[in-house]
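Structure record follows, encoded as structure tokens.
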């Protein structure tokens, strides 16, 4: 075998006796298959080539360095699932290629025929897998390997995975397709710069250690990021994220030491972030925007997590095609809904601005931070701003999603104060500390079993005394 | 037409009948024009080629995937403005190429002749457009398209845009040149890893939705980042930024849901960050350094924004060539100057260390956080450190900018406390809450219409009482 | 000399008279040397070529744009140190290639022989330099230049530097090897996307201005990041970091305006972050995890720094091969150990969960935040959670590092409260303010010379009074 097989990137092969310099591939020049017709089969063929060339695990302190597979800009249909079972494989493109397929779906054909382009682009993988009942088997990229060590350092960068379109109500984003599904224990993976569109599941990763998900665009997906199984020390940062009304924007279960920071998470998303049984993790410096209650959910005894310096905004759906949908929760559920102990909720800004006619149950006083069960949580220095808004009847075409949304988000003048329960501590949650996160009248708390200091109000001063 | 036109990157064309694999270009191998003489004309020619090859908007669920244009390291003069009117175009280089042109300008010729190199480098675009009166028309890259959908996923990465040099006082950075000017509504753009130098405007983006500006080096520009028109859900993160004394480091107007996080913003900059009519946005985890008052300005009723976990430092200009300049504001203006309602300013560190002889107006007591108009802002847990400093007369050459600056910034020993107004709440701003951000004597506030709790002082304890 | 020398990346040379388009190299196609046998000699030869071609500092407003050197995936032994003395050089690979070499070292041979792969991978540099006494001379990449201007915009991206293996106890990571050593003053460098493994020093950078270290994987190194000499305005963000028990995870000395944000810093590390003589810098939004006291150390009068929105977790070593080691500090040292003035420690979550039988000195009450010397620090709204844990005797093979660690980190149910000193203010530290970071009984502070407000406890309310 030589290192100059066709399909390797020009400029990377040195001579025909040099095997390891053959580790850069281009899907469009690989001789087996046609990447435009089935990029999955092409990548699987490349992986088989890598495995046959890198067969020995220990040759002169090396031997299995992996490879890079390049996807240039273009439309590449994926009919065969890619199975990755080697470490150090990087798949990289030259464009995340996001565009709104939701606006496309909700725009009438007579407008669409004037559009410059209809579909997402960049280095674009069109997921066209046959229907199955199983998310893993309908994922474009499946990472799975048994044995030791854990598969390491697989990287996905700078390309687009597009679920394309489907029969039925596309607004649900429920098409059974997954972008990347990592099924077995893994270490030091990276997913960066990608675009994910119109997939029921964008990224599903099981048993991850030190995974980085950074600077991706994951939107108009049923669910965006799901960390499943158990794992630790991952990082979800600097992403633009927005799931559908039926799914998770960010979800993790039984993970520890996760850092979720500096993401801009926009609607819709059944929740903006949901932790289940997660411990000792951080949610800091994010901007969350939702159209429903239950933006942040801690379930199944989440403990010792930090939620700080985040901006939460909950308002109403301004875009008419999506107004029929919500997540089914009512306004007493809590915008932040906390089950668990020893968590910290500090220095967040929380805005709720809603049409009182849409409050559920009718005339209820919405709950912002709700401690449902557990103990010894610390809630301090959160600024809660609640206002009512009366949307003017819109008469804009569905394609005007952008101006409708921006007008809604920056329309803060002349709002009326909405009466809310800033913090509600249920009886099942005790020994908590609530400081400066709502005035005496805005917080529902049993002070016999919890510590409380209300935010001062005008005309009232918290007093100091000289020490004797 | 074939896919193997000269100028496309080797390794990306598969065969001469394969059109879409032809979507990777290199400016140095494109047959029309000479990229070193006018990279603008070359890129426009490439864009024309893309448009002619990708003419149909809906071919087999695709058809317009866009392209990537590569700029290798080198000096590339731009005489013709690039006009981008297609989605999914990525322009990428291999080096941001920043070096200080300010030090070069302020270094005498007899020293310069010994320098290793004089100019910025990397994949470097030398902006040499003719003079005009209009910022848009003197921008190296103009993005503009009418019709639907909005132009999407244009990406700029890892190259250098250099305004070169100009007649007059280069210390102003006022040369009429712009790096990237986005004129029409846009979605999911990315500007990452770039270098911007010596441009009156680095990045100007109108009507942006979900724009990412991440990991760029934007310095020695008149203005660095300007979000104009109206827009939402953008992300300005992880950048190194520093504008001139006459311009904005970060500016946004009528945007909602912007996340400005983890930037290191150094002097000078008329302001470090200025929001006008911005709502529901976040400024978190940044490090801001300025030589003038008015580091953070909220104007025109900014509302429901979060300013948390930032480090603000204001000291004096240590480098002699720049000492004649300032932003014209006095020390009563407020280091943080807030017009608007329902904003949160929580958990920031603010240092001011200045030579009392330079305070304006003379003998004034500087104001750190000033609530000028609006209502119901929440200011809590900010630590304000104010000291006087007496700079020793410097006798260092201008080329020693670095050691002068570092010596100034780490010289914190033996400083004397400066008496400041930690928080000043003007009569036009009411119903605010100010907690633990200054002692009773350091805060000017009408407690009849605002809520206040002073930071305790030694020997004084805020008292608790058992609940009856 | 022509621009079409062999070794330059295909697609970047335009014609043989075009020199500057020749600035893209590939180590595997360069005609001098063999990159697999000694990539150091190859890169030095390329640098010599760049210098000979780019000899004049000022040719038509340019002349020295630098170059990019590409390292494809593969095993590349480095026998000769690379010396970089030109600006605008970017060295880039296609894979950070991390895998755990610690697990490999601690796994018996009979298991190893079944492993899929043994070594790190990606674009992998195997550091095989001869032994010396000097860290700089045993660094794979040495950046050093005298004269003016400072060397600028050198970039390292997306490859792996692996210290390989060595005689003796590999668990110490003490092999005398360094990945990148920057010895002279520098500006606007970038280190992004890299992997560093099994090096005694990952990155050592002296005299840096506006350095970015972003999105790297730096683990199983003696020390990970060291900023030495003096410098300013750097950014260490979004990295995954974990040093050995004998070294620094993040260290800086005499720097100002550093921003350390959104890193996930895992054990072990003698400290998680250590500042010496650092001023006006920020540590925000990080997740720190350690097995020893002294997670954060400020020494030599650190001043005006902000520590906010971080998550600190200190628990016990769960993996048996590493249980013999620690950093030698006892539990009275302080988990956060502060020497210096005017620092801010705000809105952090701090968890300590340890086996009381391992407390040193025996039966001591551990100290969490300790103000050792200096004045006027501000400690507010930190949530300290201290619990005891009784690890069950593990009987898992050493290769099961992952499940052992995850089980430990998420095991928060049924923990017992551990009595600790939440904040201890030593006599040598005065005029500090401590608010809501521990109850009256948990804080040791002289209230005559410090300001204090204890966190309220259940049944106790801090009182308000109407203003007269």
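We just call them A, B and C in the order they show up, numbering each chain from 1.
Please note the rule applied: a residue touches a chain if its C-beta (ideal position, glycine included) is under 8 Å from a C-beta of that chain, and two chains touch if they have at least 3 such contacts.
The shown structure was predicted, so the numbers you read here are calculated from the model rather than taken from an experiment.
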Exercise. In graph terms, nodes being chains and edges touches, is this line, ring, star, complete or other?
Worked result: complete
For this session: Could you check if the interface between copies chain A and chain C is built from the same residues on both sides, meaning over half shared, or from different ones?
Result: different
For this session: Mind checking the rotation angle between the two copies, chain B and chain C? C-alpha superposition, nearest 5 degrees is fine.
Result: 120
Exercise. In whole angstrom, how far does the Cα centroid of chain A sit from the Cα centroid of chain C?
Worked result: 27
For this session: Send over the residues of chain B in touch with two or more other chains.
Result: 9-11, 238, 261-262, 284-285, 308-309, 346-347, 381, 447-448, 456, 459-463, 467
Exercise. In the complex formed with chain C, which residues of chain A make contact?
Worked result: 9-14, 18, 20-21, 23-24, 57-58, 60-68, 86-88, 90, 92, 145, 147-153, 155, 185, 187-188, 190, 192, 207, 209-210, 212, 214, 230-235, 237-238, 254-259, 261-262, 277-282, 284-285, 301, 303-306, 308-309, 341-342, 344, 346-347, 376, 378, 380-381, 430-431, 433, 435, 447-454, 456, 459-463, 467
Exercise. Hey, which residues of chain B end up touching chain C in the complex?
Worked result: 8-11, 26, 28-29, 35-36, 70, 72-75, 77, 94-100, 103-104, 107, 111, 114-124, 126, 164-165, 193, 195, 215, 217, 219, 238, 240, 261-262, 264, 266, 284-287, 289, 308-311, 313, 346-349, 351, 381, 383, 385, 399, 402-403, 405-406, 409-413, 436, 447-448, 455-467
